[in-house]
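Shared between the two complexes below is chain A, which pairs with chain B and chain C, respectively.
Presenting the complex of A and B:
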């Protein structure tokens, strides 16, 4: 199990039962470190309460969602393959358009 | 001519005159002593004092003294502001505080772009407009407020909106661009134009109680909007203020921060929010900034060999790319999703259920018993209500839903249902429609029972009337279709929804 804080912002919290943050214990395959891709899939399968298409598209996030690992754009840490360790934070932010 | 028509006419005339004035000002045909003298570092008379070649005059020094004496800002930074220019795209919730603060701070030239007119429902957040501006073009109204705040700056009005045709030419005229727009296609367009022309872009967005802020297209490695979001989100994933709502202060906070970033970029002080995204959660009172990627070499807009350039941008199809028109707050297009015979207009509904000018509440209560009895009711009316009787107050149909043998199903979200609904309407929000199926069935059964022996025996063939409403008549059609899939086949959609009801039947019904 990896203890991960999952955060949902920009309206994504609505897809997760109005939760903005969840302290999750995510199981990992033995011998492998947890990846962001696995954490994301776990969130979809275990936390999502509404319309999965608003969270993911295929095996990645849907267009318009930024993913951050410990407050850093996941593109700087390896995207789907970025490794998630105990105590890490994975944040999903939907881009806003209103004004 | 009614007073309202007169007001509309005068407002249009006023907007027209304002546009003419702006045109004259822009062409230099009007000599504007105040702005030119104050802004031109070119005060022609030889001053009796000397400064550090900042070019500010005495008035400007007095006016901006509190930020001039600021150690981290100073007279040179102020001079850069006074020589600088900012294009603000959108005179709405974000553009309001942005424009006001930039005008107040002394930015020499402001351009304000919008294409809409002020509505009363804008003013809770679009604080640059006044009640008296309702109906006035937003760019014109915003410019008036900026000029009233600071007559020494130049304010330029662009009423035609921000389009692929004018984007490059508009952005080119200014030093910094503020994205205060409210829709995805315009956001891509602004970012592309800034990349094409090489202008820093202060981007802000707000909805509900959430806000976001960043600076694009800045410095050697600052990304653009497309670097972050190369693929546009689906149209359905873009919440709009008109549907999702927005707490007025939230765009106020973000728009104010956008003004701050524009001031930093123009004056060269501080660290612009490039490669950083500020995320604010106003409900929780949390401000949080995160680190963003650098610009992408393969970006079609700002990469090493961009496909979108100043030359190609005007023919780029932003509506196709984002799958949505740059329509912002406008009502969604009325759709025809189900057969016309499964729909009824509010006026027809009113006709069917509140049959004539002689209808009073008492008649209604006493006579109308389901669709089958309308004819009986009409006969009774004919007998009892000779036309010589004074017409009693016409029932605006508000009894429809409270009739025990008729079901009105309202599928709007709770926030909207709570504002106003037909008395007795059953609430089944479309978002979780299926969860309410049992309630719908229960209500239909109760209505069938209430219809009495005349219809209860044949309730299978002649079930109680079921009318489905939403805000404007799109979701209600989807709900009627869904009911069909679930085995309830006689639902009828009310065309135009509660807005249609307010327009056609009951003007006292609130719209929002």
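Presenting the complex of A and C:
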């Protein structure tokens, strides 16, 4: 199990039962470190209450959803393959709402 | 693995800029983004010193970042702008209520004044009331048309020279695509302009025209700016739909696609009327609609009656589909110097009509200076307005004339404005609960109108002079 803080904002919180942050224990495959892709899929399968198509498209986030790992753009960390360790924070921010 | 900022080389990089792929730390990102917006503002000469600028504020991410950025840059670079926040309250409970709270906090955070105008004040209807009449199919049409005018009217009422909006690069790219898909050639030719307002009385500027949505959201996130991100309850997650999604897909594949779409649109040349004589090429020149002004409210319109007045007429008559469907024939063009032409002067001559003192200030001097759109004849002595507050019909005769011929018509109490001279005075009868056929006669109808809120209902007519006499309106009318 990996202890991860998942944060949802920019309207995504509405898809996750109005939760802005969840302290999650995410199971990992033995011998492998957890990746952002797995954490995301776990959130979709276990936390999402509404409209999964607004969160993910295929195996990644829907384009327009920003992802940060410990407040760093996931594009700098390896995106889907970025590794998530105990105590890490993964933030999902939708930019798709009006401005 | 920690990547260092590509600019300062000291701090940890926190994001990759989509346009340039630069990897920057927070501070360098703030500096870069602010410098870029400053560059956009100065290169396009968006503002002049001393201008009074309304920042269109919805409480959402773009307008919140815009308010923050403009106040920061105004101070840092000495733009000399008189900035204030301008919000429109559509009257959507649970959505706009909450976002207005955000805007009110922004007022305190950025130390610039806030002005709020509501659909109820301007048009007599809240969006909640409109939706209760028309359902949720065409509601965005009403809201969009009303909001566009509401910003202009609100800005004119508080004496703004310009409106700054938070439209970002992604929004502009979407608009370009939508206009291509719709074949809307006139709009395609101008939608990528950084200064717009050909069809509005006030110029509108987009300081974020080249700023990516991603960077706006990142800026707001890192700076912990206070913004509101709930979707409108009547259009959840539906905003502009597929075009928006398509732009994001393009961006994912190649981030420059957004700015390239904008650059493309900047290069479009829409053939104007002048080329229509040249038919040898076989291509038909696009006939651009000519801007005039609405005969009811004076707002810039290519039709005799503007879209908002059409929609309002439908609502007030209990025929809300009017103006939404395209089957209706357009009104006949008004005769030059007809009732509509006189209205700005009438408004100026009837100070009681002005609900907002600011409106009176704006209307009176400008109309008196003879700069209203149609060189309106001054009402002759002895003329007065019909007492129906929304009716703009001038009356000759003694004070005993209380209502104009249209408004007193017992056959048509609910459609007294059939002449086009009245901005929807059937409102009172609807509010009184009567179906149009069963309306009370005119006297009751006017009494209903004179009730609380009725003057405010038509406040949007009151600053007509201010809007009509704005330089851009005169320009458009020529």
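Methods note: the second predicted complex is superposed on the first by the 95 of 99 C-alpha atoms of A that agree within 3 Å, B and C clash if a C-alpha of one lies under 4 Å from a C-alpha of the other, contacts with A are read in each partner's own complex, and residues count from 1 in each chain.
Quick note on the criterion: a contact is a pair of C-beta atoms (placed from the backbone, for glycine too) under 8 Å apart; a residue touches a chain by one contact, two chains touch by 3 or more.
From a predicted model like this one, the values you see are computed outputs, not experimental measurements.
When both complexes are superposed on chain A, chain B and chain C end up clashing with one another. By the touch criterion defined above, A:46 reaches neither chain B nor chain C. Contact with both chain B and chain C is seen for A:94 once the two complexes are overlaid on the shared chain.
After overlaying the two complexes on the shared chain, residue contacts for A:33 are found with neither chain B nor chain C. After overlaying the two complexes on the shared chain, residue contacts for A:20 are found with chain B alone; chain C is out of touch.
Once the two complexes are laid over each other on the shared chain, residue contacts for A:66 go to chain B and to chain C alike.
Working note: chain C versus chain B after chain A overlay, options 276-284, 330-338 or 384-392, clashing stretch identified as 384-392.
Taken together, the two structures place residues 9-11, 54, 62-64, 66, 68, 71-73, 75-76, 91, 93-99 of chain A in contact with chain B in one case and with chain C in the other. Taken together, the chain C residues at the contact with chain A in this complex read 3, 12-16, 23, 58, 60-63, 166-168, 170-171, 213-214, 216-218, 221-222, 229-232, 237, 239, 244-245, 248-249, 251-252.
Only residues 90, 92-95, 179-184, 187, 204-208, 210-212, 228-234, 236-241, 244, 246, 251, 255, 277, 279, 281, 284, 288-293 of chain B touch chain A when the two sit together in their complex. Residues 9-11, 14, 51, 54, 62-64, 66, 68, 71-73, 75-76, 91, 93-99 of chain A touch chain C in their complex. The part of chain A that touches chain B in the complex is made up of residues 9-11, 20, 54, 62-66, 68, 71-73, 75-76, 91, 93-99.
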